[in-house]
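In what follows, structures are represented as structure tokens.
Next, two complexes with subunit A in common: one pairs it with subunit B, the other with subunit C.
Presenting the complex of A and B:
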């Protein structure tokens, strides 16, 4: 089955959670006295950032599994996780820039550690796909990509540490601050939004995995039915290839 | 972050908030469109392979390992 009932249930759960989170963010959460209405960006920007960074770490964990077992499915899982986190990361940078413009009057502030450290992580991972593409041998490509994913994945927690160690508190602090952090009526929409974003990530990850696996199975089926000549050579690609039987 | 009393005043910076949410929804929409186009390609390839199997093994051959759903049954996705 290409897309099973579990994936359908996951998709529905994602949609319901995201809708509820956004409804609470706009109609339940109170207006922030300091930032006003523009603080609503927080409910989409922060969960997206956390999930993107966790996705990079998840890619690193799968890369460790790939290096341990040499099973190509873990390389594919790592590749899809990083691919999705890059998309969310681009979203974080754009929504963050919009928030910065609305709040500080600038699209980007270079002396803000949170922004710059996230940009460094994003740019680091932006080299992942070109790096894969530059290696022709598929086995070597998978191995080098896994080493990259593990190393870069270990670098990600530095982003959180940089935020905590930052002295210039230009970027708004919301958790565990001296004045109590996030108010209770803002916590529920935030946590729900975080849950929704996590579900969205898992759903898209599973769709992408199903798509890649189906593509490999179709290729295998075509080879069995029409012979090797009917299947075009894969050529150089950044995407991992699953073994076809 | 300081909590304010609920107010009926018109929200400020609505455009920026709308832009940020639009960026997010656009990203998800583009992803869904790409997935839909991939699904359409898979369906085309499956039809093609089904025809190929019919040609090779004959339309009357047992279809126990046929990857495509039977025409009278709705495809489960």
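Presenting the complex of A and C:
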């Protein structure tokens, strides 16, 4: 599959959607009665969180494919998906923290089960790269990373249930969730922002896939032209490498 | 699961080796478990380290919290942090001997299901954890616990411990099998296992705190047993599905 095709169109679509979503969020959506301007961060924070979690699960699905077919392509897909979700995840924690400071006065509150669950998931996935890096054998690295990705992907919903249960009776949820109780004028910017964030994720994913594939191709071409000795072997890295032919 | 290495020798030659017999799962598990326990009995390594570590951690808690006695939430937290961290030691040792002495290669040559190793390792780790708790829980009650819970409360604690141990044993076997192949084994184990075990900590700590209240223990909430049971079930199935991929070479 060629990941580099139509990347320009995809990038433009992402840019347009994100700009439109932010414009709507700032100028069209009504001010929140309680929180005022600070509530605007919701249009970034929530879509980012959902997309990051979906990315983790998608990494798990690709990992299942990798274990079934042993095709390194799926390992690369899973790696890039998790890698990008980790970056978005850091963004989710930072924006969530800012929102918590603005609305509750503290940078971190343990009463918000979704944010706490997200932190646990983030901490778990943060071991993905160190684990890959410390396994030298390429084939083994890919296989073990896939096992980890499947386990962690299944852990995500389980963890959300457990954290929610831990607080269900002591702290009722203060905030309406995105689907219930959101006024119509807030819904449109939210869904548009969600679409924009999804497009952003897909675009970044395809950029990284294209880059990784191109480097692999370049290496094998160099090897064919100049001989095996001319190309230095790939150093130890956490990233999967496609087989060079 | 199909048997590996049971390809019949070519039928043309009369002097073909006898076809290897498939070892049933139960026999294989029994043999592996016996090996595991015999190793630990002859050269005790994991269990004494875990037990000693747990007692030391209790002493550290005494000084760090600056308290002579604890009860309720705090007692429950101290107990579970101690047990969980002690369990990390056992998990990082779990596959080391097999990896270094070639036990895994030997097992792979045996005509049996690879799930046998998962079951034997998980049951072995479970036994180590029970042995750890036989030391750590009385030490905790003696050194730090303020109230003296009734026998019934200890019974309920035992149920919680068994369910939590099952979860720790399953996750520990998976993580231990991954970590033994990495160069930084002792770093990967806690980093990976602790987040995975957070749901166990939530359910176990919440379930334990009403048992160790100052004013006499209240009953155990069944909800937490369900959470632990669900966790054990999910990770049991995951480990069953994924373990084969971890011991391929």
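Just a few scattered comments:
Note that in this section the second predicted complex is superposed on the first by the 216 of 245 C-alpha atoms of A that agree within 3 Å, B and C clash if a C-alpha of one lies under 4 Å from a C-alpha of the other, contacts with A are read in each partner's own complex, and residues count from 1 in each chain.
Here is the rule we go by: a contact is a pair of C-beta atoms (placed from the backbone, for glycine too) under 8 Å apart; a residue touches a chain by one contact, two chains touch by 3 or more.
Computed from a prediction, not measured in an experiment: that's the story for all the values here.
In the superposition on chain A, A:148 makes contact with subunit C only, while subunit B stays out of contact range. In the superposed model, A:228 makes contact with neither subunit B nor subunit C. Within the superposed three-chain model, A:111 lies out of touch with both subunit B and subunit C [touch as defined at top].
Contact with subunit B, but none with subunit C, is seen for A:48 once the two complexes are overlaid on the shared chain. Touched residues of subunit A were counted for both subunit B and subunit C, and B has more of them.
Interface residues of subunit C facing subunit A in the complex, by the touch rule stated above, are 174, 178, 181-184, 187-188, 191-192, 195-196, 198-199, 202-203, 206, 223, 227, 230-231, 234, 238, 241-242, 245-246, 248-249. Chain contact summary for the complex, subunit B toward subunit A: residues 1-7, 11-14, 16-17, 19-21, 23-24, 27-28, 31, 35, 38-39, 42, 45-46, 49, 52-53, 56, 67, 76-77. Within the complex, the subunit A residues that touch subunit C are 67, 120-121, 123-124, 126-127, 130-131, 134-136, 140, 143-144, 146-148, 150-152, 154-155, 158-159, 161-163, 165-166.
Subunit A contributes residues 1-3, 5, 8, 22, 30-41, 44-45, 48, 87-88, 90-91, 94-95, 98-99, 101-102, 172, 174, 177, 181-183, 185-186, 200, 204, 207-208, 211, 214-215, 218, 221-222, 225-226 to its touches with subunit B in the complex.
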